[in-house]
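Some notes on the structure that comes next.
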């Protein structure tokens, strides 16, 4: 198969570099364009900043020249790791010019015509692109993946909603510092400390799952009627968000075993289509009494799975559990990449 | 005033040393006995282990000889920092022999005849001692303070229960490593990690506030009818437990301001009696959007206050907030010491 | 005694706030001016940034209005916590206008007419101010304290140089993140990591002790002939620099005991003059086999002492040891304050 | 090629599990025996303890039954990850019974008849086994790899000794917590802290390179005449030891470039023989001004290389540099495995 040339917008940041690392020897895609802000434009990627992922920057990227991101390039598919404020107008410019933009930014998630997509959760929402193109008159388009905290929560939420009818979710997160990018969180704020606020995060987590679990009709997406209450904290962890959930259901499972079975048996299109980045098991359930833990479980299924543990009764809602996922892999670049793979596998993108 | 001679049981551990440090130049008490397990007995305190609090061990303690804790000593008041398994029979032996035991251990908290005491919350529960003595025939007695996580939660719970009638509390904690003592949590378990389980902790947090907020009648304590759901996590923080709470009320406050006012205005007997270790304000409310934080707020009011922040609506229960307190000061040794000060100030203990 | 009004330049930063906290209820000084960059000027201190030291900003400072630092204020003594680039011209402007500037910045340390002062080490160097005023025609003047890493090394160096004639020092530091200010070191750079470079630091550490231990003559300071080799690292510690030293002497001590005695017996003018911020023992020697340690020893003598441990033979030079000191107290604001106290006590500054 | 059955002694510990993980699908070896202390014997590996490396224990090991380590098993080659005290007699028992023991323990390193081996450094020392067998009358034998800190230092020391004649090395280490095993370092000792002592470590580091760089003659090994001074510290890093070295030479290189060239060009038998675990480049030299760093460079060459950076003049000795290596891979299990691969490739072990 001839590879599809792709670009990475915001290629010098933390998530941009994650996109690059995931695109090394990718079976569908080949990076031909790297773009970033004016500050980096004209430099090589190696000159523009260190390889945050560890070790030396892979040689195939080190010598690529960074293009200015506001100058639309000659490539039909781009991954966007832009900061949200820059992402708004820039992604539209690329979409207008014919590119399909797979965005990790928050700028367009609330647009009712932009799919907020997790392939295991709402693969049919890609069809919203039709409405988007009609309405905006773009030859390209924009697809987003949700916030990292939402992404890992919505996988088990999908499985449990299907099985038992989810009605309420109370979620408290303990989020990794990599979620704030680089330089991001000052060390004086987080060593021997917890920061019980991540600006704008709770609003995203309380709303995004409603769109993700919503129903696509002729008029667009009808939100799922699930009430979510979120409290988001930053902790001294490099990668991996831990989330404590209490859940209420329309038809609660009879016991923990029934709930766990619904999680373990959950499979979806990415697994059926055997997408290159898809985890074999999108939801893992750990047997360990004190699991999951970020350092020990974040790399499960190459960082593309959500690991669940500590399923037990909740005295207030129905059940409690803990979940854990890699925030810059499945929670960011990996999630966006999986979205693009889904569209290729469905024949919606061609080389 | 002539000082009351006191002993510290478990004087070589983390909490034992906190007792010692708080008893330096104490206006009511003077340490005359230090006791610990067989392993340390006969050594001086300096030989028995390093001063965990920092710097050199204060000279007045360094040369004291450790007595075996299972051999009842000649002192009428002891503070117990024993591990729970040792605390059970040992504290009873001291109580039988006439000592008033102020225990930080969990062993007797569930005994319906043992007061579980926080002076701002249920000072009248000291009267349970009468029933205890009658029933067990002890000339001394046992009083306990709650688990560190409960202690800091129950202060605002008291204020809010009085004002609005508390019905439900969903609590997620991020607890400091000092809560597990020394050596305690292995560094390989907690650096770049979160451990989403603290054995036995959730059971304590879900039950202790019911006893603390209960009513003492002729038959003993009638538990408060509050439903609590807890999820307890360990994080890489030295001192200071952070707790995210969602709360439901019988008569919810009209807005955040009303809830905050109830917290700010809360005062109780320790403040009226001007107890030496009492905080001027047992509950502080921070104005900072990203507060409270353990490293920045744990030492407020010499570690004896609970700091509350981020009061806001909860889409599922009524309100959400974050609270923070020092787990080895107010949450352990300081809490127990305040209990003893309360009894002295009330004339129930004499020099 | 009537208090001397003082200003703090760079009052909104980490070191500036340390100056403020040390000046609360100071017996000699009273803060009447707080100045900072344009960005903060006109705001109150509380508006200009959070109180990094912990808890709430003391009320006496919270409402003070920040003055622009480049506009010379009406005060005869200022402490400067400015960043080095801004410090250069700004401190000169204040000195010209008649203020005595006690600077923690690096800008003027290399000026042969500016004293680099540690009161226990070279108190006579204050006399260099005469030459400085003559030469530059300033009515005020500039005095600096050394870099934090130098400060803690030079205290034992002075004691050992006096006793045994120091010739070589090989020094490897493990420095706290607070040394880089706020926001300073990104958490992604330091959690689960070591950064083996602190820009410009090694040059300072290899040179400053030569000036500090030098001899003031009619022509200025003649540097001490000591060869220093430094390697400076950043580690995940909040406060407290740890330094491993190997030392060579003209007349090596016969054994460890002789070296330790020279450290323990060291006293100097700040102790004789009983300066308010002076430690009783400027050099402490710990008995603990695994000491000193930053979290456990940094607060010794209110952060104003250097703690030494692990004195032993070096197979290459003569002896090895470890030392530890608080980098933002004695190593920065506290050191500068002690310099000012020295001049007051010597009658060189009057109210 | 038929695989050689091997055993792992101390299979339940940190280093034991690293051996197991490196032996998954190994081209030469197949694990048929796992042994540990009485406490674990009879259990399955999964029952005996959690998989410290992360995620779930590989299924091929989970169900293996742990044998008691003091009962010699039916296998001709074992890797020993035993604690040093247990390793002494136990490894001798296995050697007597005919097994070739590749030991990571310190017990026999000082035995003049036991090779202390790093394949790039002293591959000819395997021949010492002949003398060992003759003298002790064992049908098997014992080979050791050095301490983790020595291992990473001795690779560049070999290259530089060959090129310039090394005479003195002053080494200060900042070592990872995984080096102390599990539970190992208490978190209260290392978060926001440095511990400037690792018991016994400095003695090892000052002596082992002399044996490693020594010459094997008819009478055994003549130590290299290099004087080493070590200071070893523990820091809050999970994996990866950082070491600051100052070096003196008989024939110092003319400049940094000449020294770097000697490191870059260094190759040895493992590379020539293309051993399965051998790094392509045993010594990497980073271009980054602030490298190497443990979290960013420890995994270079699958954790089997030493990365060097910051090469510069030393004012006291000749040159300074920083080096970094993975302490539980090349520094422990990986180093021992490479020793065994060397002997297979040389035809000294047969299936």
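Letters A, B, C and D mark the chains as written, and numbering starts fresh at 1 in each.
Everything that follows uses one rule, which is that a contact is a pair of C-beta atoms (placed from the backbone, for glycine too) under 8 Å apart; a residue touches a chain by one contact, two chains touch by 3 or more.
Protein names from UniProt, one per chain: A, B, C, D = aspartate-semialdehyde dehydrogenase.
Nothing here was measured: the structure is a model prediction, and the numbers come from that model.
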Q.
Which chain has its C-alpha centroid farthest away from the centroid of chain A?
A. C
Q) Which listed pair, A-D, B-C or B-D, shares over half of the residue-numbered contact pairs seen at A-C? A) B-D
Q: Averaging only over C-alpha atoms, locate the centres of chain B and chain D and give their separation in whole Å.
A: 48
**Q.** Where chain B and chain C are represented by their mean Cα positions, the distance between them in whole Å
**A.** 40
Q) So how far apart, in whole Å, are chain C and chain D when each is placed at the average of its C-alpha atoms? A) 42
**Q.** Two or more partner chains touched - positions in chain C
**A.** 191-192, 236, 238, 295-296
Q. Tell me, which parts of chain D touch chain A in their complex?
A. 50, 54-56, 191-192, 238, 286, 288, 295-297, 299-300
Q) In their complex, what parts of chain A are in touch with chain C? A) 14, 52, 177-178, 182-192, 236, 238
Q: Using the touch rule from the top, collect the residues of chain D that touch chain C in their complex.
A: 168, 170, 172, 174, 192-197, 206, 227-229, 231, 233, 235-238, 242, 244, 246, 289-296, 309-310, 314-317, 320, 322
